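Chain IDs A, B, C and D follow the sequence of writing; residue 1 opens each chain.
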Amino acid sequence: MTADRKAGQSMGSVFPHLITQDLPTMVSVKDADFSSVDAVFCCLPHGTTQDIIKGLPRHLKIVDLSADFRLRDIAEYEEWYGQPHSASDLQKEAVYGLTEISREDVKNARLVANPGCYPTSIQLPLVPLIKAKLIEHRNIIIDSKSGVSGAGRGAKEANLYSEIAEGIYSYGVTKHRHVPEIEQGLSDAAQSKINVSFTPHLMPMIRGMQSTIYVEMSQGVTMEDLYQQLRKSYEDEEFVKLLDKGVVPRTHNVRGSNYCFMNVFPDRIPGRAIIISVIDNLVKGASGQALQNLNIMLGYPENTGLLYQPLFP
Amino acid sequence: MTADRKAGQSMGSVFPHLITQDLPTMVSVKDADFSSVDAVFCCLPHGTTQDIIKGLPRHLKIVDLSADFRLRDIAEYEEWYGQPHSASDLQKEAVYGLTEISREDVKNARLVANPGCYPTSIQLPLVPLIKAKLIEHRNIIIDSKSGVSGAGRGAKEANLYSEIAEGIYSYGVTKHRHVPEIEQGLSDAAQSKINVSFTPHLMPMIRGMQSTIYVEMSQGVTMEDLYQQLRKSYEDEEFVKLLDKGVVPRTHNVRGSNYCFMNVFPDRIPGRAIIISVIDNLVKGASGQALQNLNIMLGYPENTGLLYQPLFP
Amino acid sequence: MTADRKAGQSMGSVFPHLITQDLPTMVSVKDADFSSVDAVFCCLPHGTTQDIIKGLPRHLKIVDLSADFRLRDIAEYEEWYGQPHSASDLQKEAVYGLTEISREDVKNARLVANPGCYPTSIQLPLVPLIKAKLIEHRNIIIDSKSGVSGAGRGAKEANLYSEIAEGIYSYGVTKHRHVPEIEQGLSDAAQSKINVSFTPHLMPMIRGMQSTIYVEMSQGVTMEDLYQQLRKSYEDEEFVKLLDKGVVPRTHNVRGSNYCFMNVFPDRIPGRAIIISVIDNLVKGASGQALQNLNIMLGYPENTGLLYQPLFP
Amino acid sequence: MTADRKAGQSMGSVFPHLITQDLPTMVSVKDADFSSVDAVFCCLPHGTTQDIIKGLPRHLKIVDLSADFRLRDIAEYEEWYGQPHSASDLQKEAVYGLTEISREDVKNARLVANPGCYPTSIQLPLVPLIKAKLIEHRNIIIDSKSGVSGAGRGAKEANLYSEIAEGIYSYGVTKHRHVPEIEQGLSDAAQSKINVSFTPHLMPMIRGMQSTIYVEMSQGVTMEDLYQQLRKSYEDEEFVKLLDKGVVPRTHNVRGSNYCFMNVFPDRIPGRAIIISVIDNLVKGASGQALQNLNIMLGYPENTGLLYQPLFP
């Protein structure tokens, strides 16, 4: 376990809820001995990540939770993150780890770019529908809502309790850094460039993410077709669940777990449908999917360490 | 002050935050003496409202906060509320009191139907844009988020703290009873029938409402045109504020006040725009607008009793 | 799995966060076949519990989560619960299951009365200190704070989100039904009657309970003595943890887990000390301790099913 | 209106909930022209305050909201605040502004030291009881609970939403800087030195403060005596309210207002009583009381600008 600012401290002093666990003291990355390590979760800020991973031994399996290897197009990375990419070879090697969609590629990967939380909640329902040509590529409107924990533990005025509790707002209207990642995934599925409308909102809650997605169905397609396609895509999946018809997914019901719950609803406007998906942004949207990916890379049962059920209430 | 279940109690025992105020004991409606009363706020469940108002003396000015007189089309009322309307004459007399839009009619009204909270947050930005023919009538997507207080004080499992806190969900997808009210207002503005996509979401907060509205601009129209139209519509209004360009409206910033803050943003999809409006659902979305209407009906300064500034943090 | 109002429903429809688990449909208690059942968790309202348990086959191991078998003194039960006790024989048979204190008795029990949440958080630190004669029996002041989930899922106005969020209050000042249970446990430890001051407060949070306990140390005793006694009492326990000196227990750090964290602090008033203990009221304060007890009764490893770590943030 | 980091900005950009008010742009303190100013609220960090106030013209009435002039004993200030006091003359001139207790002194004051939030909630009930010799000076146990806003708007990890929501903890056990202020006020009332036990707890709420105070009654005194004393002390006060017997004060019921609600309860331990007082820590605990003091200093009606009623729900 490595740390930067907190190197030398015990895990229990940084995260007191873990004091009961016998965990190693944190060391600085440069002092870590990787020779007896099989795999690494890399949870560093974008930019830093590239440099660290370049220096790691090649025998390591790596799941990277930053944004550094998610975008295939280096130019796009530079545009959205405001800095050049210094590890384009690693970028080419990296596999985008949206587990249920790219499980086969993850199996053989050495470096997995773990998806962002918003892109996970959005691509899981949309990719199968786009691949099956059931929805139009135009006018995909995504209104997402996220808990605050996605912003990390940095001390920012904007994320103080008194600023967040009892109110909501949209941030990064049309300009959130997850946009290119979402469009990359949907465009791949469509085999043509898709632009989406994406508006993230900050909710007064710690965990949880909902994407409410408004789509136009292709000519002649019905809501039932969408439902059946999603059923077929995910009926054998442990962590992605299409709910019974009419049942609304709630973030409460996936809190603390690796599940994604989703469903499809008819819209009042003829020819349109509404798709809702929910995840815990810190689990399926981050560390849970990372573990799921590593399990696959190492040949472990995919649900190892992921059997925690949702915490409700 | 009348009450049903709580007749005979003091206001301070029902709402202990008001114990410092010298308020009359609550009486049953049937025991109320309306002869020396000038005006009435009627805050009863739909259905009940009709019957009570029919029996009130004609000299009273009435602002009704229920849904009973909001829909001009009685058949539509019956369809959405599941019961026949028993006071169609009153319905014809009633003026729909979206203050900034129908101030002139409110002036001369005896009975004002106070708008619902969602319809207020949605019509205030959309009506001027539709009237000015700046946006298309098709594909208006409205994703609304509301605090829990809108559901009232009834004891329902769904609204317990443990069910609401730390999670969100959509309710009444496409079927919320405010739909016909919204469509009536927009269709009036358009002078043709408009169907909207409307999805309300329940937020873990007491007060506050945001509508995020996704629209297609008319041919040749720019976001700047939308901004200028809203500026023109509301620049002389005390309670409706178009924010500076780029500033995101937040429910935190109107909490406890009668303000509606709004703004317009460009969308990533060319030709589309995103409109955000926020209100306090209990004030501009209910009792505040009711008071604003009554002030107008009685010839008082419109902001009488409405100078409370937002409570932040 | 039995249910009353919800008999015939699937678990997933009552608790949608469990839809992924293959659980039996709920049946009415009277329709349950207990012949192939080894053990029962009884989670019924007080009063009802007595009658149901009287009718259960004698081969069953039972952990009862109600208050019905916690008080040895039937007269006291009747005084605090306002109804006669109809199963005094069962009461005599029942073992009070504060696991770490009465593990040996639990081993051989057929019927365990699972402690209340407040009594658990209070007795765990106080019983060893009283037994070791380190604190005075007089002037024990207990100021407890609890999340709302302790009140259950019943639809009560008092527990609505809008009534609970963003405020606190004390309820049942000096009259909470957990008082006799607390005094029984402390008096047993003291071998003389102890009266305590106990004030519970309701917090705007779902889970979590803290007891802040103000005690007078016995003549010549120091805070260090208290600390060492608690260390000795719990150093081999998996679920009860004395924190490092000076570290404040936080309910955040036990949320969703069966842990009790505690610590002792010096008071400004010479001769006094402050003890703080925290638990998750639904886990160590209810179902977690129940499972811990059943594990012991059945000879399973005590932590079976209890390895969930705290969910933070 | 002065500012340091934010000088040059409009109020609306710092606090967007105030954009509708026509407020002056903020200037640096050193650029402020005090010649046409009558009075000043000084809301600076302790330490800074002393230096700024020393430099202000003598014609100004000043209400200082920092801790710099609250402690009469400079040595005590230095001990608790870790720095020498550089304005002992001003300290001697300052009047401690617990309005209802020291209104006569405030009338003639030029410089008022506005009390801290905890000390306000604690002294209002205790000072009259101590003066009337109704409670013992020993074993006064104060368990206080505060919303997070008391910590200010500084960006600290500890006050992030994800650290605060859904949990509680005690901070500064026995060492909170409000201790000497509380003990000074109570000792003044007793005319002998009083040491109290004071434990503040942080609540997952923005505003609100409750002090639960456990006291020993003097020989022969009853709870009714305490109640009658408080009634007599506050029956003519607009902002301090003794509730009806048995009614529990709730922070919800004073939110956003300048009220202090209090009540007295019997304790289970004979001879003891429990006192509960609640305030909004930002209003009666800070800016509201400051305004109340200034109104008195300037000869205005004491409630000018303070008629905001509690915001509930």
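As a convention for this text, contacts are C-beta pairs under 8 Å (C-beta built on N, C-alpha and C of every residue); 3 or more make two chains touch, one makes a residue touch a chain.
Worth saying up front: this structure is predicted, and the values here are computed from it rather than measured.
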Contacts common to subunit A and subunit D (chain labels): B, C
Touch-network distance, subunit A to subunit C, counted in steps: 1
Homomeric contact subunit C-subunit D: same or different residue positions, threshold half: same
Centroid-based (C-alpha) most distant chain relative to subunit B: C
Centroid distance [mean C-alpha coordinates] between subunit D and subunit B, Å: 38
For subunit A paired with subunit B, centre-to-centre distance based on mean C-alpha positions, whole Å: 37
Centre-of-Cα separation between subunit C and subunit B, whole angstrom: 46
Subunit A, residues touching no fewer than two other chains: 149, 162-163, 165-166, 204-207, 250, 252-253, 255, 313
Residues of subunit A defined as touching subunit C within the complex: 15-21, 149, 165-166, 206-207, 238, 241, 243, 247, 250, 252-257, 259, 261, 308-313
Subunit D partner contacts - residues on subunit C that touch it in the complex: 138-139, 141, 143, 145, 147, 162-163, 165-171, 173-174, 179, 195-199, 201, 203-208, 210, 212, 214, 248-253, 255, 265-270, 272, 274, 276, 278, 313
Contacting residues of subunit B [partner subunit C, same complex]: 148-149, 153-157, 159-166, 204-206
